[in-house]
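Each structure below appears as C-alpha cells.
Okay, so chain A shows up in both of these, paired with chain B first and chain C after.
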Partner chain A sequence: MQARTQTLWQRILGIDRRWLYLILFVNIVTFLVAPIRMPASVSPPVQKFHDEIEKLQPGDLVMISSNWSASTLAENQPQLEAVITHLMRKQARFTIISIEAQSRDISYRLAERVTKEKGYQYGEQWAHFGFVPNLTVAIKGMVTDLPGTIKQDVRGTEVSKLPVVQGVKSLSDYKMIIDVTPSGTVPIWISYSPKNVSILYCPTSVMAAEAYTYLDSGQIKGMITGAKGAQEYEQLLTVVGLGTRFMNAISFSHVLIIVFILLGNFAMFMNRLQQRREG
Partner chain B sequence: MDWLLEFLPRNLDRLSVWIGVLCTLAIYSLLYRENPVYRFFEHMYIGLAAGYSLGPLGVDILYRYWIEPIWIQGYWAWAFVVPYGMYLYFIFSERYGWISRIVIGTLIGASAGLFFQEFSSRYLPQLNSTLQKPLWVSDANPDMTYGMMINNILFVVILLSVLTYFTFSYEQRGPVKRVAIWGRWFLMIGLGAIFGNTVMARMALLIGRIYYLLNDWLMIRVGGG
Partner chain C sequence: MHMLTNLMAQQTIWQLPEGSRVLLATLIVLGAFVLILGLVPVLQTLPPRGRRAIIVTVTFLAGLFFAAEFFLPVDWTAIFPKDDPKRNFLTPAIQPAQNVLQIIGALALGLGTFGLVRLHLRNAVQRRAQWGYSIVLLVSFVVMATLSILNTLAEKEIVERGPVLKRAFSILFDYTLVQLDAAMFSLIAFYIFSAAYRAFRIRSIEASILMFTAMLVMIGVVPLGAFISYTLLGLPEGASPEGANFLTQLEHSIGLPKIADWVLTQLNAPAQRAIEFGVGIGGLAMAIRLWLSLERGVT
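This part shows the complex of A and B:
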C-alpha cells in the first residue's frame, strides 16, 4: 500500500518542537549580540515610580524588601540595580530586608557591588537587615519597635548601633517602602505598614497584572514591571543596565512567538479546510 | 591566547562560572529529551536550595531570636516557645492528636485577628477608589479629561459585569445572563493579559541564562551596551 504524502500544512503542524527551541535560541543570541539599542516608551506606572523617588530629599530613609532568588534574577536584578542607583543619586539612605533565604545573600552582594562603585558607605548610608521568615510578623514588629525586631544586621552589628538608622524607632520613620519580589508580598506591606509610608512595587511580569488594582487605588504609588519596566526605568535614569541589554532579545523573541502562533493556527485552519474539501 | 587564558577555569571565579555553565546546560538538556544528567542536576538544585535555607534559618532566626535571648540575655521563658510549636507534630499521633489542636487554635486565632486589619487596609481603599471615580466631565472635576472619562466608564462597566458573573445566588436569565457572559469575556481578556506577561517573564529568564553563557562564560560583551 502506498503511503499517503503529507501536505505542506500537515508538515508544518508536525514540526518537532525542538526545531522551534533552536530557532528561538538563535533568535535570542542574534538580538543579544546585535549592536542596536531599541528605545522604550515609558509607561505611566514606571514614570510614577520615578517621580515618587524624585520627591525624596537627601537623607530620607527607604526600606527595600528584596525577596527574589536566583530563579527570577533576570527580571528582579535589573530592577533592584536601577532602584539602588536612583536612591544613591538622590542621596537617600536605605536598608534592605529579605523574606527569602537565598535573597539575603544575593541582594546583599548586589547592593555591596553597586554601592561600592558610587562610594556609598555601609552602615552610614545603607545597611542590610538579613533574612526574616515571616513578613507579617516582621512588619508588625517593625511598626512598634524596629531595632528590637531586627536586632542585628547581616554583618552581626546591632541595629541600634548602625548610624544609618540612628534615632529610628519604627517603620513610621521611613519615607518609602520598595518591594522587589516575584511573590505576593506587596498585599502584606499594604495591609500592615504605616499609612504615612508610600509603597512602590517591582514585580516580575507574571505578578504585574494583579497589581493594577493597587495602583489604581493609590495603595502603591508606582510599579516597574519585570525586565521591560527596568529598561524603561534605566532610560529615565540614562544608564545602560541589564534591562536595556535584554530588551532587544525580549522584543524579538515575542515577535517570533507571535509568528509561531499565527503560523500554527493558519496551518491548522488550512489543514481542516483541505480535509473538508477532500471529504 | 590571552582570551583563552582568561576563558579557562584557572581561578575560583572562573571555576564558579564553568560550574554555572555546566548546571545551565544540564538543566536545559531537558528541552532535547528527558535524560539522567538532567535528573541528577534537578535533584541537586532542590537539595541545594533546601540545604541553603538551613544556614540563614539557623544564623538569622534560631540563633538571633531563640538561642541568644535564652543563653546570653537570660530570657529563659523563650525555651518553651519551640517545644510549644512542635506540639503541632502530635497531629500524626492518634492518641495525642488533640495536643496539636492547641497550636492550631493559636495559629487560627492569630490569622483571624490579623485578617481584620488586612481587610480594612487592603480592600476598603479599593472600594473607596471605585466609588469615587467621576463618570463625566464637569466643573466639579476640572482635571478630568474625556479619555479619563471613557476609562472610568469602562472600569465601572467591566467591574459590574464581572461581579454579575460571580453572582450565583439565583439563576442567571435574560439580561442578567447576557451581562454575565460579557463579564466572562472581560475575565478572559484579563487572563490573556496575565498569560502574555507570563510569556514575557519566562522569556526574560531564558534570556538571562543565555546572557550568562555569552557574557560571563564566553566573555562576549553583548546587549548593545
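This part shows the complex of A and C:
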C-alpha cells in the first residue's frame, strides 16, 4: 500500500540493491567483451618504473617479492606478468620470493608459464625461492647471508648451487627489488633492505595512496598501481595483456558509479524539494 | 681474553662446527624438545605471578638481544683488534636467531591448522549445528593438503609427477581454489557500488568537496579520463613548454589525469605522511610497552 504512494524520487532512492548488482554485472561483462581499446595516459609513477627497469644491464639480478593470493589476482597478475616480460626483454636475471603461502604456487606457476613462452631457463636465468613465513626476518637474514637464509629453492636445489645466484652472498648483490603485493609490505623492504638496491612497487589500487610519500622521498623508484597501472605498463611495452583487457570494464564501472552517485544525490534533492512543497 | 677473541673470530659460539654438525644438531633439537616438555608441567604448577615473571623476563631478554645488537658500537675492534670491524659480539648470533624466528612463524601456521582441524572435528563428531560444513571443510582440507604435499614433492623430484597428480592438482588449485578466492573478493565491487550509491550524499560542504574530488580522481586515473580530456576536449597532453603564457599553462594542467595526479601527489601524499608519522610514533610506543610487558594480557 505504501509502495503505491511513493514518488518517483523515493523509488529511485530506495532501489533494491539487487538491481544495482545486475546493472554493474551487465556493465562489466559488456565492456570486458566489447572490442574497444582506449589508450591510457601513462602516469608519472608508471613511467618512472619503466625507466628504472630500462636502466638494467643484461645479467643484472632482480628480486621479485610476490605476496598476493588469488583474491587480488585481477590486479597483481597483470602487474607480475608485465614486469617479468620487461625483465626478460632486458635479459635480467630474477628470483621470486613469497611471504603468502598461496602466492608461492601462484607466482611460481605464472612465472613458469611466462618464462617458458620466451625460453627463459629456470635455474640459469630465474628461480623461485618459495615461501617464507616472516618477511622482516627473511629480509634481515638475506641482508647478511642470502644462501644461508633461503637454503633451498622450490625445486629443492640448494641456493648456493643455483647458477642464477652464483656468487651472491647477500641482498646487496641485487640491483633491484620489486614488491608485487596487496599488503603493506613495502615499508618493510624500505626499512631493512640495503640502501644500494632500488625498490619498485606494484600495489593494488587501494594500497597505492599510501605509497606516494615513498615515491616523493625517492625510497620507491616507481609504482604500477593495480590493473590500471598494468595497462599503462603494457602500453609502454606495446603488448596487450590482462591489464589492457580489464581496463575497459574498470573504466566504465567508475563511470557507472559516478552516474549513480549523481543520480542518488539528484533524487535526494528532488525528494526534499517535493516534501517542502507539500508542506 | 685471547681465547674469547679467537672464538669470536671463528664464530663458533653461535654456529656449529663443521665436523659433527648433524649429531650436534640432533642432540640440540632433542635437548630443546625434552626441555620444553619438562617446562610445560613446571609452568602449569607455577602460580600466575611466577608465570608472569618468567614471560616478562624472556620477553625482555629477547627484545634486549635485538636492541643491543643494533645499538652496540660497531667498531668492536677497539676491544678486539683482530675482529671484523663491521660486527659486534652479538652479530654472529643474528642469523641463528632469525632462523629461530622463522621456525616460530612456521609453528604458528601449524598451530592454526591444528586448532582449525580440532574445532571442526569436534563439530562433526558431536553433530553440532551446521556440522555438515565442518565435514566439507575437513574433506577439502585433507584432499587439498595431500595433493599439495605430493605436488611439492614432485617439484623437488622426490616423487614422480604423473598425469593424474598433475591433473588433480590443477583442477583443485587452478580451477577451484584460485577461482573461488578471486570470485569471493570480486564481490566487493558490487558492495562498493551499492554502498557508494546509498552513502555518498551531499549533506555538507565537506561532503561535497570529498565527493567531487573522489569523482575527479576516479575518472582521472582511468583511460576514459584521458580520452575525455585529450581526445574529446582536445586539451594538450604533457608538460607545458617553457616560458608559455598563463593560458597555455592552464590548458596543460586541467586534463583529468593531471588533476588526479595533482590530488594524489599534492593533497593525498602530505596527509598520508602525517598519518604515517603518527602511526610510526604509536608503533614505537607500543613496541616499548610490549618489550617491557606493560601491555594487558601478559599473564
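The working rule: the second predicted complex is superposed on the first by the 275 of 279 C-alpha atoms of A that agree within 3 Å, B and C clash if a C-alpha of one lies under 4 Å from a C-alpha of the other, contacts with A are read in each partner's own complex, and residues count from 1 in each chain.
Keep this in mind: a residue touches a chain if its C-beta (ideal position, glycine included) is under 8 Å from a C-beta of that chain, and two chains touch if they have at least 3 such contacts.
Keep in mind that this is a model prediction, so the values were computed, not measured.
Q: Clash or fit: chain B against chain C, after overlaying the two structures on chain A?
A: With chain A as the common anchor, chain B and chain C collide in the superposed model.
Q: Touch check for A:E52: first (chain B), second (chain C), both, or neither?
A: Neither partner.
Q: Can A:Q219 be said to touch chain B (first), chain C (second), both, or neither?
A: In the superposed model, A:Q219 contacts chain B only, not chain C.
Q: Could you look at A:E234 and tell me whether it touches chain B, chain C, both or neither (first, second, both, neither)?
A: Neither partner.
Q: In the superposed arrangement, which partner chain does A:R155 touch: chain B (first), chain C (second), both, or neither?
A: Second partner only, chain C.
Q: Report for A:Y192: first if it touches chain B alone, second if chain C alone, otherwise both or neither.
A: first
Q: Figure out whether A:G141 sits in contact with chain B (first) or chain C (second), or with both, or with neither.
A: In the superposed model, A:G141 contacts chain C only, not chain B.
Q: Would you sort A:G264 into first (chain B), second (chain C), both or neither based on which partner it touches?
A: Second partner only, chain C.
Q: Is A:E81 touching the first partner chain B, the second partner chain C, both, or neither of them?
A: neither
Q: Per the contact definition in the header, classify A:I106: touching chain B only (first), chain C only (second), both, or neither.
A: In the superposition, A:I106 contacts chain C only.
Q: Run through 22-30, 112-120 or 148-156 for chain C and report the one that clashes with chain B in the overlay.
A: Clashing stretch of chain C against chain B: 22-30.
Q: Once the complexes are superposed, what residues of chain A are shared between the chain B interface and the chain C interface?
A: In chain A, residues 21, 24-25, 28, 69, 71-74, 101-102, 105, 132-133, 209-210, 213, 216, 225, 228, 248, 250, 253-254, 257 are touched by chain B and also by chain C.
Q: Can you name the residues of chain A that touch chain C in the complex?
A: 15, 17, 20-21, 24-25, 28, 38-41, 43-44, 69-74, 101-102, 105-106, 109, 132-134, 137-138, 140-141, 144-145, 148-149, 154-156, 209-210, 212-213, 215-216, 225, 228, 231, 247-248, 250-258, 260-261, 263-265, 268
Q: Taking the complex as given, what residues does chain A use to touch chain B?
A: These residues of chain A touch chain B: 18, 21, 24-25, 28-29, 32-37, 69, 71-75, 101-102, 104-105, 130-133, 136, 151-152, 187, 190-192, 204-206, 208-210, 213-214, 216-219, 225-228, 240, 242, 244-246, 248-250, 253-254, 257.
Q: Would you pull the chain B residues touching chain A in the complex into a rising list?
A: Spelled out, the residues of chain B in touch with chain A are 31-32, 49, 52-53, 55-57, 60-61, 64-65, 114, 117-118, 121-122, 125-126, 128-130, 155, 190, 193-194, 197-201, 203-211, 214, 220, 222-225.
Q: Can you tell me which positions in chain C touch chain A when the two form their complex?
A: For chain C paired with chain A, touching residues are 94-95, 98-99, 101-102, 105-106, 108-109, 148, 151-152, 155-158, 173-174, 177-182, 184-186, 189-190, 192-194, 196-198, 200-202, 211, 215, 218-219, 221-227, 229-230, 237, 255, 257, 261, 264-265, 268-269, 272-273, 276.
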